[in-house]
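The same chain A turns up in both complexes below, where it pairs with chain B and then with chain C.
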Partner chain A sequence: MVEKRHWFFDTLPHVILCMGVFIVAFPVWLAFVGSTWDAATIANGQMPIYPGPHAAENYYRTLFVGAGRTTGQPVWLMMTNSFVMAITIAVGKIAISIISAYAVVYFRFPFRMAAFWLIFITLMLPVEVRIYPTYEIVAQLNMLDTYSGLAIPLIASATATLLFRQFFMTIPDELVEASKIDGAGPFKFFKDTVLPLSITTIAALFVIQFIYGWNQYLWPLLITTKPTMQTIVIGIKTMLVTQDALTEWQLAMTTAVLAMVPPVLVVLVMQKLFVRGLVETEK
Partner chain B sequence: MAEVTLKAVRKVYAGNVEAVKGVDIDIPDGGFCVLVGPSGCGKSTLLRMVAGLETISSGEIAIGGRVVNQIEPADRDIAMVFQNYALYPHMSVYDNIAYGLRNRGTPKDEIDRRVQEAARILAIEPFLARRPRQLSGGQRQRVAMGRAIVRKPQVFLFDEPLSNLDAKLRVQMRVEIKKLQRALGVTAIYVTHDQVEAMTLSDKLVVMNGGRVEQVGTPTDVYRRPATKFVATFIGSPPMNIVPGVVAGEGSVSVGGHVMAVDDIRAGLPKGAKVDIGLRPEDLVVEPGATDGHPLIEVDFVEELGATQLFHGTLGGAPIVVQCPTDKVPTTVKRLALSIAPTLIHVFDHETGERIGRTFGSVAA
Partner chain C sequence: MEKRSVFGNRLLPYLLLAPQLAITIVFFYWPASQAVWMSFRIQDAFGIATEFVWFENYTELFKSRAYYEAMWTTVVFSSWVTVLSMGTALLLAVMADKQIRGATAYRTLLIWPYAVAPAIAGVLWLFMFQPSLGMVGRSLRAMGIDWNPLLDGNHAMILVILAATWKQISYNFLFFLAGLQSIPKSLIEAAAIDGARPARRFWTIVFPLLSPTTFFLLVVNVVYVFFDTFGIIDAITKGGPATSTQTLVYKVFSDGRLGGDLGGSAAQSVILMAIVIGLTAIQFRYVERKVTY
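Entry: the complex of A and B
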């Protein structure tokens, strides 16, 4: 693109982009600023838009003491809960989906397509739709207020299975045949060829599923009752609802900022693989 | 080292589609057998049955005297080179070649020795650490060959291995494959639709059509004495001319009113019986100046191929092509008088397309 353009048409897209960035970033910045002032400054409506002096104090209190009157739990505990849930969901989904997709694509067993359609149908049944029966089952299995209760019902996933299936179908049949002739059985073919080729797909799914798990609200709200099992998303909400006292906005803002950190880290760490998965195929 | 025997091998797919209709082939130890035919003729299916990638509906395949019908591909002692190379994209060239040996539990130093040896033979030593996608088509082809020879199998199977290469590289690799097979003395089965590859590589040429074997023989045999009209037009480039004719008497036929002596024709054919006459473009000789007693063709147009020229015209109502060396005949010529040696005329049954030779069909191979 070497053609000479009018300066106006060079500037306009940038202006629009800057506005977009501003719209997205300003609330985040406000949350960060809010986490660095004391409760009084925020409450009287005169919080400046630059960081204040109380950052260390707020973060220490939030992480290790907690908002006494509402959640009553230090946020590091909530973060741990969220983290365990998100990781279990992401890893669990990937592990189950890749195996089921492998079965559906590479094995000719009776009712193969029926099995595939059964998986496919669950696309239409997210937790919100089947929440009562799912709750019932989890309750009867005594899994309320447990990590397994938090994560397992969310692991079943048609999306990931579909994604892997589509990916496996692009692996040339010749590769399967070459493996057969090279003496690799189904397990070896999976371990030596399918898994290494799927790395980028796995990375992309991990990013998506981790954030999906981390942001869960309804399900944890329903099945956790003990304060020690709260997730961070629930915690933020709880902090905002106070009876006869001032909302401790500075702590809520601090929690919000802390809640953003792990997903951001996951994206940053996985970004390279994620992008490689999108732009470059190793087939 | 082993001979490969196919006995009445059939392949029937679901829906009663018969892809291979009873094939018998014997390939001697160290032989190079090429299966050639148009797409859909069952040649690849046949090869994949030998490899064990397709089940055998009926019949028997034996490698080195051992019936392999129920044996897994990995245990058949074969190696296969695929059309699209089928290299493992995430492995280095070294690992690609070594993979099959590792799966068989070959000791590490033995693997290394064999991989290095294969790499030396194929001149791919500088690429051993690279990934397949960093290689050119010809280099990938060599790696695929390396993967086959490193195993020291009893049989090499090639499934149109050169079809993805450009013309120049194809000629070069063709020669190399032949040399390599000779040097290693391993029995080879090679599938192609390219008749030049088929002619140059094979000791034993199998021409297939519609799931059946049309002819088995040496390349010269198939070229010189095609058993059917199909083989006659399939092998040879430009393809053999087929013109309608009638039996004119013992040992002679008539094409467009011209009687020609034929060497290889069955005795006792009824006079006036309709036959198809096969004349290879390269066997037709232009008789400059002559008109009497020779079949004449009207020239429609001329194709220049450099060394030779192709004169297109009609004879006896059928299109005909005559190939002759450049500069022998002016391209402006309107009419050509032809002659052909009696030994070079092929006669086929008009209905069945089978050769009506003195010994029926081809020489048994």
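Entry: the complex of A and C
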């Protein structure tokens, strides 16, 4: 800063940050290495720190054949389920939240604030505190083992509604007045003005909600019983339940790597949007 | 704050709100009220009839040793994860905030574990610390430590704490870095000119100005440990060995499913609901006003 620094204090931050990066990356590196060796090498505890020659075989078997001793579902099917679930949740949340925020901000009607609070309070009711009753309802609606059952109960979103409401508040009133003078109704104003202005907010939310949807665990665990409806995050657990010695670790690690790739790619490729979405949804 | 200029349609706003409200009522309010209702009832042995028993489920709960154990486990687990992940993240953020070369590259390399699912994080750490074949697990045994998280409750606890901490560092790092970057550099320079050394500058200027961020993260981390670590625990230990890593949320899950004690499980849900409401209230009451990004 102001004083002349000793060389030691110039290198110290790099040393500490490199250690941090190492801690963060090491478990993932080991998983990747694990996905490139054969079962025997891993089971004997002989796995080295560098990748081995069995990558193609492991990835092919995991993706298209499935782990032999367990349910035997090919992982591409699980990944498809995860994709459908994550995208339905992300798109669904954004769609229903943007229209409800639009209603609350741009209209005056009885029970407006009541509706707003009703949505807001759901923040305090995560799945974890209403596990079994929610399961019962989904069962009664015949939504177990369906994509709609996986996604719809999770698409109500207080945070997204709050975020859109806050954003709409910053849109100048003059724009509404101008559109009204031009004879635009609420639909036209939404389509031509609000939606184009919201693109960045929508994109940032999409990144966060995609990760949220992809990483869901408790909910799919509860409502999927058929192996064909499993998501990848659930599927990996079924590979570990057998007696420890029988766990096919090379396939489990391949699955772990495959489960990490889509959300991590989303974060790395859309880093700006991700950071923005994270900071804004938590505000 | 209200809009001055609005549209005058009567029916439309209700139609726009309908999907959100329908989902909220069917999948949030109805089950939550069911949980409250169930918590006052017990089911007979055949699961056919239920009987209204007032607070019996709650008194049973507060008489049971297992519940206090789960509570203690949750306290230990959340304290360690919060302190470790926030401490590490703060250290890394302070280092990344210094004007050094490659600061953005470090940020990129540190934030991506946010995207790893908790259950997957659990699997990765299990693989590393597996006593017979995991790389770290074997090294520990080679060093003469009788490491076995599958049998030793304390070892299992250490493992879930490490996995949960690892997963949360990137989130805390991001917010600490944002907080640090919003502190005006002129303040720190002024202190430096007055002769304050770096450590003193940190504790008297940076740390107090960072306290809104710290407090916000404290609440968020507690909520994270309470609820989002379910996947980590289920993947690594399933609450075991015995019940040594069974948190409150995990107990709701396992009592309702395996034990079939739906009334007791519902009573636990209601208590958790009260905890979340309390935490959220604290978050909004104290955090919203003070935190500025």
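In this text, the second predicted complex is superposed on the first by the 258 of 283 C-alpha atoms of A that agree within 3 Å, B and C clash if a C-alpha of one lies under 4 Å from a C-alpha of the other, contacts with A are read in each partner's own complex, and residues count from 1 in each chain.
Everything that follows uses one rule, which is that a contact is a pair of C-beta atoms (placed from the backbone, for glycine too) under 8 Å apart; a residue touches a chain by one contact, two chains touch by 3 or more.
Owing to the predicted nature of the structure, the values given are computational and were not obtained by experimental measurement.
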{"item": "First (chain B), second (chain C), both or neither touched by A:I181", "value": "first"}
{"item": "Touched partner set for A:H6, first chain B, second chain C, both or neither", "value": "neither"}
{"item": "Contacts of A:A259 with chain B and chain C, given as first, second, both or neither", "value": "second"}
{"item": "Of chain B and chain C, the chain that contacts the larger number of chain A residues", "value": "C"}
{"item": "Partner chain(s) touched by A:V233 [first = chain B, second = chain C, both, neither]", "value": "second"}
{"item": "Contact residues of chain A, present in both the chain B and the chain C interface", "value": "177, 180, 282-283"}
{"item": "Touching residues (chain side chain A, partner chain C) in the complex", "value": "1-3, 9-10, 12-14, 16-17, 20-21, 23-28, 30-31, 34, 42-45, 47, 49, 96-97, 99-100, 102-109, 112, 115, 118-119, 122-126, 128-134, 136-138, 152-153, 155-157, 161, 169, 173, 176-177, 180, 185-186, 189, 211, 214-215, 217-218, 221, 233-234, 236-237, 240, 244, 249, 252-253, 256, 259-260, 263-264, 266-268, 271, 274-275, 278-279, 282-283"}
{"item": "Complex contact set, residues of chain B against chain A", "value": "51-53, 72-75, 78-80, 82-90, 99-100, 103-104, 133, 147"}
{"item": "Touch list for chain C against partner chain A, complex", "value": "1, 3-7, 9-10, 12-14, 16-17, 19-21, 23-32, 34-35, 38, 88, 91-92, 95-96, 98, 100, 102, 106, 108-121, 123-128, 130, 132-135, 138, 150, 166, 169-171, 174-175, 178, 188-189, 192-193, 198, 216, 220, 226-227, 230-231, 234-235, 249, 252-253, 256, 262, 265-266, 269-270, 272-273, 276-277, 280, 288, 291, 293"}
{"item": "Touching residues on chain A, where the partner in the complex is chain B", "value": "172, 174-175, 177-178, 180-184, 188, 192-193, 196-197, 282-283"}
